[in-house]
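Multiple structures follow.
Okay, so chain A shows up in both of these, paired with chain B first and chain C after.
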Partner chain A sequence: MKPVLGIAAYVLREAASRKFILAFLVGITLVLAVVALSLRIEVIDGALAATRLFGDVIPTSIRAVDVALRPVFKAAAFIVFYGGIVFGIVACSDFAPGLLSPGRIEHLLALPLRRWHLLAGTFLGVMTLALGGTVYGAGGLTLIFGVKTGYWTLGPLIAGVLACVGFAAVYAVMLTTATFVRSAALCAAAGGLFLVGGIIAGFRQQLSRFFEAGLGRNAFEAVTLLLPRLSALAMAAADLAASTPPQIRSLGLLLVGVFVFGLGALVVGFWRFEGKDY
Partner chain B sequence: MENHRRRWIWVGLAALLFILAALLMFTGQGDDAAIAQEPSVEFPRRMRSQDRLRADQRRTFIMPVDAGTRAEGPPRPRDPVLAALPRGEGHTAVVIEANAVRNSPLGELLMDCLMRDGGKPLDEFRRVSGLDPLQDLDRIVITDEGLILSGNFAKARFKELLGERTSADYGQGARVYEPGAMSVPLADGGTMRGQMGSSVGTWNDQMMVVGRSSDSVKTVIDRMEGRGSDEPPAISENSTYGEMYGVLGVEQMAKILAADQPELAQRLRDVAQNVELHMDTRSDVALVAEIRGPDAEKVTDLGKSLGAALSVARLKAQAQDDKTLAQLMDFARVEPDGNSFKLEMAVPIDVIRERLAWCRQPPDTTDAGQ
Partner chain C sequence: MSHSVVYSATVTNRPPAIEVTGLCKTYFRAFRRQGSDALRGVDLTVPEGSAFGLIGPNGAGKTTFIKSILGIVQPTAGTVRVLGGSPEDPRIRARIGYLPERLHLPGSWTATAFLATVARLKGLQPEPAAHLKLLERVGLAEAAGRKIGGYSKGMRQRLGLATALLGAPALLILDEPTDGIDPMGRVEVRRILQEEVQRGTTLFLNSHLLAETERVCDRVAILAQGRVVREGRLEELARGAARWQARFAPGADAGALEAAGLQRAETEGLFRIDADGPATLNAALDKARATGALLVELKREGADLEAVLVGTVGVAA
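Coming up: the complex of A and B.
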């Protein structure tokens, strides 16, 4: 485990040195600061009575504050989920190709560690980064709305963790792609492809009706059966953020399923990496 | 060799993980038909096409030209029930679309309760009055002057029931019965006599008016036939949407609130001018109350107080683990709009079905629990 943690720390140091990642953190901070300073919320006996943004009254209905904030938290959860994954795809696409680049890979392979430790460490490092960013953003939002309204909920934070699990599945695919083709662009493309596939997979029941019964529909259902159901997870995350029951049978099973898919993709990377000559 | 074997282990493990992931995701997401959807309620906020059609079809009565109405162009047909309503501000007039409610999911549930003992009271009413309320009754209007019923009263036995009273024809097609005796024929051939303190008016076999005195009944008939005030009726045609609608005098509304919320009732008296109600029972039971007042600031403050009261009620329900009530209060909200605000509340039909489940059980098994 120690070598994996060592590689993860190495990845985190690498990320810290990148202006892109730092700019992202500064961006989140700025958004939170703007929300904190520009939003004025009047709460009377637990009811959201009035909202002002930049001094202008936002026409809203007067209702229980947690009910009134549901759309806000839902929107935030979707932004964190999809925005986080897209940002992660772009920002983290060259971590693995960089790690596997000539010169650096020989140095790493000379260290007393197994090959799969390298990939597992990279995966762990990137996921730590994603989790940190998500907790910072979602936690900040929860804190701001908690202080302003007196309504405290862990929903947005849990939704953020769900988004990280979704990203884990996508990043595992990107990491594995890097073991086949050492190209940041192709890694990002693979991540994007699986993101789109994951969105489609979440709506597979609804979409399969558009295929004629027979080979086409069966093929669609077979392919989407295996893909991580990211849109279903995103909607469950939004429901959790809004403190409403998720519209799925079991969030736990879905969550574990998406994560296990990520592990499966990562193991394919291990298989490829073990057999590759450098 | 060991590396080769390890690689095969990775392949096997990956395949196993993908299969496991597919199974977990398939089971976890589930079949969308099997998952309970979040309840959603449609509120009656404006006239819909079916409401407009209904209003158009009810414009059947052309007021006589010599009835004191100013002749401005060709006479337009009007809805006689709307014409009969009190005129001006501050009155109470609530219309219940009896036939529409009867044919709504709520009506079905209420019918289960009514017919639970085989519908004996209903049969008795049919026998005595000659009317079938499920077929012949269209609208019930409750006003601060009395009651107006509309529908098809051609088979009603007014003469048998009210024949002993002093009565006289009035206006065009109306007959007004003074307060007095009422005789009800019994099933065994006898007759039960009683006194009724209300005056009754009938109009063209389409309408029945019940009032405190014959003068109040005549006033209603005068309005209907165009001899009343020129002020607009308490409910305009544009407000005839929902299965129950109308206006409540502020005093009436305050009286309803006074028992539980005396301060709120007093503020309502001080701030509001009138309260317009609309209830929809086409799927769930949804209520919209529009409260108006002359002072926009005070009206907004009242809206905030009502919103806060609803929020506190919801928190109380949550604290007492009353999930049903808490779920109902989820839909409650106040929509401010200058010198008026709309208060929306809803009861999902499933909740009512659950509450009225005893109506669908045999009488002997549930009597103790009612």
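Coming up: the complex of A and C.
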């Protein structure tokens, strides 16, 4: 396990030196600071009495705080889920190709490491980065609204963790792509493609009606069956963030599906990497 | 060359540091039936404690050979044993220091941070004082706290060498270690490598700078077209045919000397003698002196490594 942690630390150190990742963290901090300083919420007996943003009153009816905050947390969950994955795809696309680049991979492979340590460590490093960013953003939001309203919920944090699970499946595809081609652009493209595929897969039943019955519909259903249902996971995350019952039938089954897909993608990557010459 | 004798004395009766038998490597590309052969049955033994140089023309398979003995490239056929074990074994690789031909270093890191990270990955305890000493040894003490991105090519190469030296490895495999280093720096690097060999480290050096190889290594293998075409002690390779140069005092009868079996050289008074042993050489000299010629100088005609390489590769081609 130590070599895997060593590679993860290597990746995190590399990430810390990237200006756009630091800029992203600064961006999250600024957004949280702006929300914290510009939003004023008055709560009386557990009900939201008045809200002021930049000093202007936001016209709302008096409602229980948890009900009033539902759309806010829901929107935040969608932003964290899709925004986080898209940023992750762009920001982390060159970690694996960079590590596998000529002059670096030879050096790493000559160190006393197993090949799988390199991939596992890269995956762990990127997921630590994603989880850290998510917990920082979602946790900050929870903290701000908790302090301002006295309503404390773990919903946004759980939603953030689900976003990380979705990103893990997408990054597994990106990492595997890197073992075939050492190109950051192609890794990002593969990640983007699977994100779109995952969104479509979440609506597969509704979308399949647009295909004529027969080969086309069967092919669509077969392909989307294999993809992780990321849009369904996003909706479940939003429901959890808003503390409303998830609309999906089984969150557990959905997570198992995403996990199996991610694991399958990683297995292909590990197999490819084990037999590859550099 | 003068160091070679010292090194070779330490080489005897030790198990080999690298033992390669019938090593073949064929690279296959997608959608192509036929692969390209990089190595075609290489047999090579590198004695422990020796300073071994691998030379050959571009495309001879030198880098593929180095990658094969490190497990970076998986051989198509043949066996590789390094330090008595498989190069795939992390315990074996922990005893190897490697400097790749174009080491990519993270530009935003400092040299000390990079050394500490590599030390951790090597399973060593990061020791800042020892790392600083290592950087001092390769001439980077003053730049230790600077970001690697601001380093010159030579400085990066020095840092690569420091990284390879981490943990006092038993086997040093260096691919073009002096590439980009200025002449003074090369002298320093050569001194470090010689110190390492004297310490008992086996050095495996691939350098296109033949003078460098000649000065550092005591054994050399010439790789051409994926095969080892010549291998041995440097003096043996450089000796070539048993040929001597004899210079005679002015007034020597050139015709008589030629009749005595000596070959006239380009310069006046200079003759060549082919002799495979002291007895033959002295017999030829006796004949020459019998003509009245006075010998003023006698030396063995040796070839430098460049001549050996050109001669060998030319023959192999």
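In this text, the second predicted complex is superposed on the first by the 278 of 278 C-alpha atoms of A that agree within 3 Å, B and C clash if a C-alpha of one lies under 4 Å from a C-alpha of the other, contacts with A are read in each partner's own complex, and residues count from 1 in each chain.
Simple rule for what comes next: a contact is a pair of C-beta atoms (placed from the backbone, for glycine too) under 8 Å apart; a residue touches a chain by one contact, two chains touch by 3 or more.
Here the structure is a predicted model, which is why all the values come from computation and not from measurement.
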| item | value |
| --- | --- |
| Which of chain B and chain C A:D277 touches, first, second, both or neither | second |
| Comparing the two partners chain B and chain C, which touches a greater set of residues in chain A | B |
| Contacts of A:Y10 with chain B and chain C, given as first, second, both or neither | second |
| First, second, both or neither for A:G150, with chain B first and chain C second | neither |
| Contacts of A:G27 with chain B and chain C, given as first, second, both or neither | neither |
| Touching partner for A:I44 - first (chain B), second (chain C), both, neither | first |
| Partner chain in contact with A:H107 - chain B first, chain C second, else both or neither | second |
| Chain B versus chain C as contact partner of A:T244, first or second or both or neither | first |
| First (chain B), second (chain C), both or neither touched by A:G83 | neither |
| Residues on chain A lying within both footprints (that of chain B and that of chain C) | 275 |
| Touch list for chain C against partner chain A, complex | 27, 67, 70-74, 90-91, 93-94, 96, 98, 100-104, 106, 108-109, 113, 117-118, 120-123, 163, 173 |
| Chain A - residues contacting chain B, complex | 44-47, 49-50, 61-65, 67, 201-202, 205-206, 225-226, 228-229, 232, 244-245, 247-258, 260-261, 263-265, 267-268, 270-271, 274-275 |
| Residues of chain B touching chain A in the complex | 3, 6-7, 10-11, 13-18, 20-32, 34-35, 37-38, 303-312, 314-315, 329-330, 332-336, 341, 344 |
| Residue numbers on chain A that touch chain C, as the complex places them | 2-3, 6-7, 9-10, 13-14, 17, 101-114, 275, 277-278 |
